[in-house]
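In what follows, chain A forms one complex with chain B and a second complex with chain C.
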Partner chain A sequence: MKSLPILVVGGGISGITAAVEAAEVGAEVILVEKEPTLGGRVAQLRYYFPKLCPPTCGLEINYRRIKSNPKIKVYTLSEVIEISGEIGNYKVKIKTKPRYINDNCTACGECEKVCEGERVSDFDFGLKKTKAIYLPYPMAFPLKYVLDKEALAPGDLERIISACKYNAIEPDMKEQILEFEVSAIIWATGWKPYDASKLDILGYGKFSNVITNMQMERLASPWGPTGGQILRPSDKTFPKKVAFVQCAGSRDENHLPYCSYICCLASLKQSLYLAEKNQEAEALIFYIDIRTPGRYEKFLKRVQEEARIHFIKGKVAKIEEDPETKDLIVTAEDILSGKKIHERVNMVVLALGMQPSIAGINISGLKIDENGFVISDEGIIGCGCAKMPLDVMTSNETATGAALKAIQTILRR
Partner chain B sequence: MEKIGVFICTSCDIEKRLDIAELENIARTQGATAVYSKEFLCSKEGKTFIEEKIKENGLSAVSICACSQRVNYDVFNFDKVAVDRVSLREGIVWSRFFVSEGGEILEDSSEYVSGVSFKDELMALAKDYVRMSIAKLQTYKFPEPFKPEEEISKTILVIGGGVAGLTAAIESAKAGYEVILVEKEKELGGFVAKMKAHCEINSPYKNIVSPIINELISQVEANEKIKIYKGAVVSNIEGGPGIFQVKIKLDGKEEQIKVGVVILAAGFKPYDASKLSHLGYGLVKNVVTNVEFEKMAKEGNLTRPSDSKPIKSILFIQCAGQRDENHLPYCSSYCCLASLKQAKYIRENDSESKAFIIYDHMRTMGIYENFYKSLQDDPGIFLTKGKVVEVSQGENDKVKVVVEETLFGEKLEINVDLVVLAIGMVPVTAEEAVLNLEYRQGPALPELEIFYGYADSNFICFPYETRRTGIYAAGAIHQPMTIQQAIEDAKGAALKAIQCLVAIEEGRAVHPRTWDFAYPEFDLKMCTQCKRCTEECPFGALNEDEKAYPIPFITRCRRCGTCFGACPQRIINFKDYSIEMISNMIKATEMPEQGYGLYRLMAFVCENDALPSLDIAAYHRKSLPVTIRIIPVRCLGSVNVAFVKDAMSKGYDGILLLGCKYGENYQCHFIKGSELANTRMTNVAETLQQLALEPERVTLHTTAIDEIEEVVKKVQEFDKEIRGFEENPFKGW
Partner chain C sequence: MVKEIIKMEPDLQAIKEIQAIGADTLKKCYQCATCSTVCPLSPDEAPFPRKQMILAQWGFKERLINDPAIWLCHQCGDCSKYCPRQANPGEVLAALRLSVIRELMPFKFLNTFYNNLWGFPILFLISLFFILLAAIGTFGGIPNFFNAESFPYGGPSYEIWFLHLPARILMIDVVFIPLTVFVIIILLSAINRIWNFYLDTYKIPQAYRYKVWSILKVYLIPAIAEILNHTRFEKCEANKWRALPHKVLLWAFIILAFTTAIVFVMADILGFHTPWHPLLHPVKWLGNIGGLMLLYGIISIALGRSRAEVEKSVRTSYPDSLLIYLILFIGLTGFGIEIFRSIPSIKNATSLIYLIHLALVFILFLGVAYSKFTHLVFRTTAIVFDLYFKDITQKMS
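For the complex of A and B:
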């Protein structure tokens, strides 16, 4: 197959899937990811529903498929800034941020030991700090350190340079603009959690024990900030009673008008995380509809059997904090009974909706709808949550389908 | 391999803790042609150095004794040279520490047992690893791509001519492939062809549109690459990917064709509404299913079946026979949208009409919330959560419906002209084999009961996995889904089908070992027809002849090695992975004499999850016992009892098997490798008991890839347990 490569934008599960599926048909693939590692959102999850298996398991196989396939070229810290041309022959400009670490890095970790400066870990949604020079996560791909120059403490640079035996640290590395000619573009930039601070009645940012569902994943992750113990931020104790606020931002004209597909299932799954730690733990799920489509109905049943769950149909109207205990009082109307209820809980998890990662960003040559979801054509193909809210399985279906559409631009006869 | 080079990296603490010169000597003694050590082996200079030495010495294989095989894979990759990786860094110097009982890390020079320092044990381990690597490469043969004897067909067979099948056919043809489409009905189009309209499949997802199906049908019919069989069924499939022989039954005659892969898109049947008499079906006039109502709407016949009077009021009962243990336990995913759409038909037909939708949970997933929203403002559509407790005949042929637990807080009695039951989907595979495979393990896809009969995948990351290679499901036979999803799904299945054809043509495996050219080879002279391989193959890759000898179909094989693990005669081998190879590796290790308290453990570790898990643990400098030697295996299913016997008779004090989790939500990438290994090891335990040895000496543990702390603990505890036993009496024999 002699022709232009396929560009895959986004190195989360959809982008990785699209890239390996296309490359295994024989296409040359360029995979770009804006973070320093592949893995995307799923790398931040503890488990997938409904199997409760770790996403790292599938990532490991996919990384191996990438590693053993020379047709895939991976560019991390890279973003597409401009697309021109047409199907079969696009010109794409990519901006690559400096890692400040070159390919010599063996990930031996000596630099990290001597570095004093720290930075807030965005991978852990602010729940943890890393050194200024850090490995994004234990299964980072590529397994290379990254330097956050801003976070260096005085003297750090000299210390890390002298600690590195392999001349891997390059503080003068510059941002680069790369240009590629590609046959098709698979757009798989995924999603970001909706900005919780916009949901002011829910108290995020104001009350320490109101967290987001993605933060909950980090708390439950054995590689997370608490080593997998679920501890509420205010006093690092296990929250025995937790309220889950569904549709936090979703199905709401003032925020995200659509349903985010995964949040019901995510809260159910997180109720199991609690039950696994403590059989007595209670989960209160405030919902409009419980959306467990298809075979996921079985998961709903399982969770109802294994976790102490109370479903309350109704939107949360208010969250207040007890300043002494830092517990939270959740006010909602129980639509079924018609009564207003006040529940005291130890922690609140906001089931935040998903917003396309590129919402609000204008990329020349890329069509998006009013919510920021990419609009596909024959040559620029959206997949995964960049296309619409989806779960992992259906994201991968769209990613595999996107690989076919991209391959057609090469194979078309 | 004849000329083997050994390259030892001295960086990343390796030289700090290991005696490099001693390792070099061991490598030479073991038969390496050329031995080198160098710092920073993964650097450009390092790689160039290795390349020069390969050329200089005419090496055909190299053992890279440096970091883990999970890193620098692209660096240590040399054209036409076999590469084995010895993980000195992660496997030894980053993970083997002398930890005191108080948890303190002691100096390597400290005494480990009388007269032996920890460093001695660390070196014994490193030397064993170097010896094993050389022994492995000595036995290694280059895999050769598998070529079937007959010519490979690159035609794609699509079973089912509904929206998924038509899409799969068109999209495959657009990629340049020949397609044969078999539809059991006289006409193409499936359910969508029977629809008046459906929700739009593109942004903004809020309108209804005429069915896309006519366009698909005309594209399929106009495409020269697509051959269509209507009113036909697939009566038999034999062979394997690339060489499938398919019998198509048409008008009482059978035609045989050859295809390369199969896309299974045979769709669904509506649930049998006659079982829903509690909702009035069959008993009460003017109660129909959503499928029947769709037909009425398409025919422009929006009147009551009982007396042809116009429908002024309609009520939809959601989840009719669904999410119900007595009927379909699952949700069919499409019915909320379908009822909303059908409510819209009535409202558009007559602005005075009323539509009621009684639901438990409104499931307009994701972006289809837009469609739901577009109807919420219609004052003629009443939506409420509720439970239907009675459906009976009302006055004037109306249907009386009593609903409890509504959002209005009271029991409602609603009298309507028509009740529509939103019934679910039953995948065709729930009731028939469809594929009719001529396979030793049966005509259908196995294990579908865990997916309620859907031809679904157990792997969230890999939605197109099936246990029959080269067969990919799409549409409503795959999972309950909407039209939009079926279209997406069909494209994905087409890609997987094409990818399989490419793999077969190149002679390599398909997922998950897509890089693998090796395949099992059977030496049938010694076969005792025990049938274990043909029974245990998770992918049904082996048929049997009339004398019960296995007939391997390599293009069906996924290279997990389960057959190789099962065979008591040891007659199944891969070029790069053989019984002899593992046996030689075990033999190559050095066993200390009995009585010094120098225990030796052997671990067979699945390279999919357990090995990465240990590797990540090592990266975090977690301490693993210095006693334990690790041999990576393809899957625990590929662990032959012979490995265990060899290790025990060599004198190993304990054998540990580490693999993936099994059970209902199994994580084994090869379905049941760890489960099978567990069964095999139960038999081994019995043998041990007969030899008056503790059965715990052979232990199997499962782990998930992220359970770092747990897996380390399991290994440590195993070490401790074995040390509680006497040394293996065979040690030093």
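For the complex of A and C:
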């Protein structure tokens, strides 16, 4: 197969899968990722569906496949800014931000020890700070540090340069615009959590113990801000009673008009995280409908046995904070009894909806629908959560399908 | 034991009726209950409007008539603002109120005239018919409607028993006294019906079903105090602006009713006949203040509604507009009479304005039983019931 390469945009689980599948049948692949590391949302999770594996399990083997395959070229810190041309021959412009660290980096960590400047970790959704020079996460790919120049403290630069034994720090790296000619584009840019501050009645950003479900994943993750302890932000204690607010932003014409597919399962899964830490922990799941697509019905049964869950039919539309204890009082109408209830809980988890990562961004040459999901078009093939809200397993299936479609564009010529 | 099977049949006709009257978004509701929680007026024990939404989706009119909650709703619009389905529960409840008014009142065709634009000319002709009939009777033939000295300020005077009544006063009395009596009778009968429905719905034990007099004594006074203060209305968030103009309007009606009562006693009974000097007579001062408040209230409501419609926190249906414009034009024609009759060059136009004013007041009076205006009576009833229910629940527990 001597032809133009396939471009895969997005280095999360879908993009990685598509890249590996295409490359392993012989296609040249360019894999572009916006963040400094591959892994995407899956890397941020404690466990992922369907089998509740830790992310290391699925990502590590794929990283090995990428590393050992010369047909895949990975560009991190890179974004597609323009697409032109047609199926079989697209011209793509890519903007690559400087990492300020070259390939000499061995991730020894000496630089981090001497660095004083700090930055808020977006990987941990603001729950933690990292040094200005940091490794995105312990198994990052590529396993190289990144420098956030703006977060450096005075004198940091000299200190980290002298601490690095491998001459890996290059403070003069510049932003680059790269241009590629490709035969097909697999669009796998995934999702971002909906902006919780837009849900004004739910108190996110106002009350410290109202967190999002992705923040909960970080709290439960062994390499998260609390080392996997699940401690609530206000006083770093274990929340014994947690309310899960389903459909926070999803199925809502004022926010995301679609069902985000995974949030019910995520809350069930997170109830297990609580039970894992403390058998007495209680989860209150406030729902409109509990949606467990397909065989996940079985998972619901399992969680009901293993965790202490109270299901309350009725959407939470009011959250107040007890200013002294920082506990929260959650109000909903319990539809089954027809009365309003006010539950005092230690922490609230908003089961936030998924929004396409590219929502609100205009990329010339890319078709998207009114919600920002990508529309597949000739040689541009959407997959994973860029296409619709999905779980990991189904994302991977769509990625494999997308790889086949992309290969067809090469073979047909 | 025989197993009882309860089969629920939706009332399709009722659903269509409710949808047609302003609840077209009714079926969008998916019962998440956001509305009941964001509603600042919805009580813990019997929250609304989520439950009323599903009752309406099935067309269960009976259950809705029996439910004071639809009257406790002040259409703040918080529910509609936060509704994830844009099902507009606030508007649906407004439509349910109209539909309950229709169900409770005899002579439903009158209600139809009030709920449709095409009905307005008919209402206008009906009221004109009664007023003209009375005018011909009291003025002794058709007066000249283009001459203020002939109508309304002409015609014979009548000495009945100890009363001394000019033609125009007798004309008003023969039209409006029977009209008022008619409206009061049908309203009292409707209040009696819904009160008993409420007692049954909330399963009030016999021992706590007090006599009318003690209900009025204990609960009506605090209810009225609350209404005069607009305590509930002022809890609204999304449409906070509505409480003040509505309060001003309510007070305007009270002042105007009080003025009318004084005029009725002084003129009709004691014989001190109008027109009185618009600037010097204290009763006129009061009337003018009431009139200005009425205009201020109704104009603020009209403007506020059009602003709120842009923000989509309120929608205005025909019955809303009818009431707004009716009150506005009553205010304008009321002042019109005063102004036109004091300027000699245009004085003769007073007759026609007077006639229109009376016809509109007729439509408003009848509307107390057949239009959105009926909320005045039923909301008061529901608030009395709410206070009564809260009180006896406390006593029972």
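Throughout what follows, the second predicted complex is superposed on the first by the 410 of 413 C-alpha atoms of A that agree within 3 Å, B and C clash if a C-alpha of one lies under 4 Å from a C-alpha of the other, contacts with A are read in each partner's own complex, and residues count from 1 in each chain.
Heads up, the rule we're going with is that a residue touches a chain if its C-beta (ideal position, glycine included) is under 8 Å from a C-beta of that chain, and two chains touch if they have at least 3 such contacts.
Predicted, not measured: the structure shown is a model, and the values here were computed from it.
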item: Which superposed partner A:403 touches (first chain B, second chain C, both, neither); value: first
item: Contacts of A:14 with chain B and chain C, given as first, second, both or neither; value: neither
item: Which superposed partner A:338 touches (first chain B, second chain C, both, neither); value: both
item: First (chain B), second (chain C), both or neither touched by A:388; value: first
item: First (chain B), second (chain C), both or neither touched by A:251; value: both
item: First, second, both or neither for A:26, with chain B first and chain C second; value: first
item: Which superposed partner A:314 touches (first chain B, second chain C, both, neither); value: second
item: Superposed model, chain A: greater residue contact from chain B or chain C; value: B
item: Touched partner set for A:78, first chain B, second chain C, both or neither; value: neither
item: Contacts of A:267 with chain B and chain C, given as first, second, both or neither; value: neither
item: Touching both chain C and chain B, counted on chain A across the two superposed complexes; value: 251, 335, 338
item: Chain B-facing residues of chain A, complex; value: 13, 17, 21-22, 24-26, 46, 48, 50-62, 64-65, 67-70, 104, 106-108, 138-139, 143, 165-166, 221-223, 227, 251, 257-261, 289-298, 313, 335-338, 369, 373, 375, 388-390, 392-394, 396-405, 407-408, 411-413
item: Partner chain C, residues of chain A touching it in the complex; value: 201, 247, 251-255, 288, 314-318, 331-333, 335, 338-340, 342
item: Parts of chain C lying in touch with chain A, wherever the complex brings them together; value: 30-38, 42-47, 50-51, 82-86
item: Chain A partner contacts - residues on chain B that touch it in the complex; value: 11-13, 40, 42-43, 67, 70-71, 73-74, 171, 174-176, 203-205, 323, 329-333, 361-370, 373, 385, 405, 407, 409, 451-452, 454, 456-464, 479-481, 485, 488-496, 498-499, 502-503, 512, 514-515, 608-609, 612, 616, 619-620, 661, 665, 667, 669, 704-709
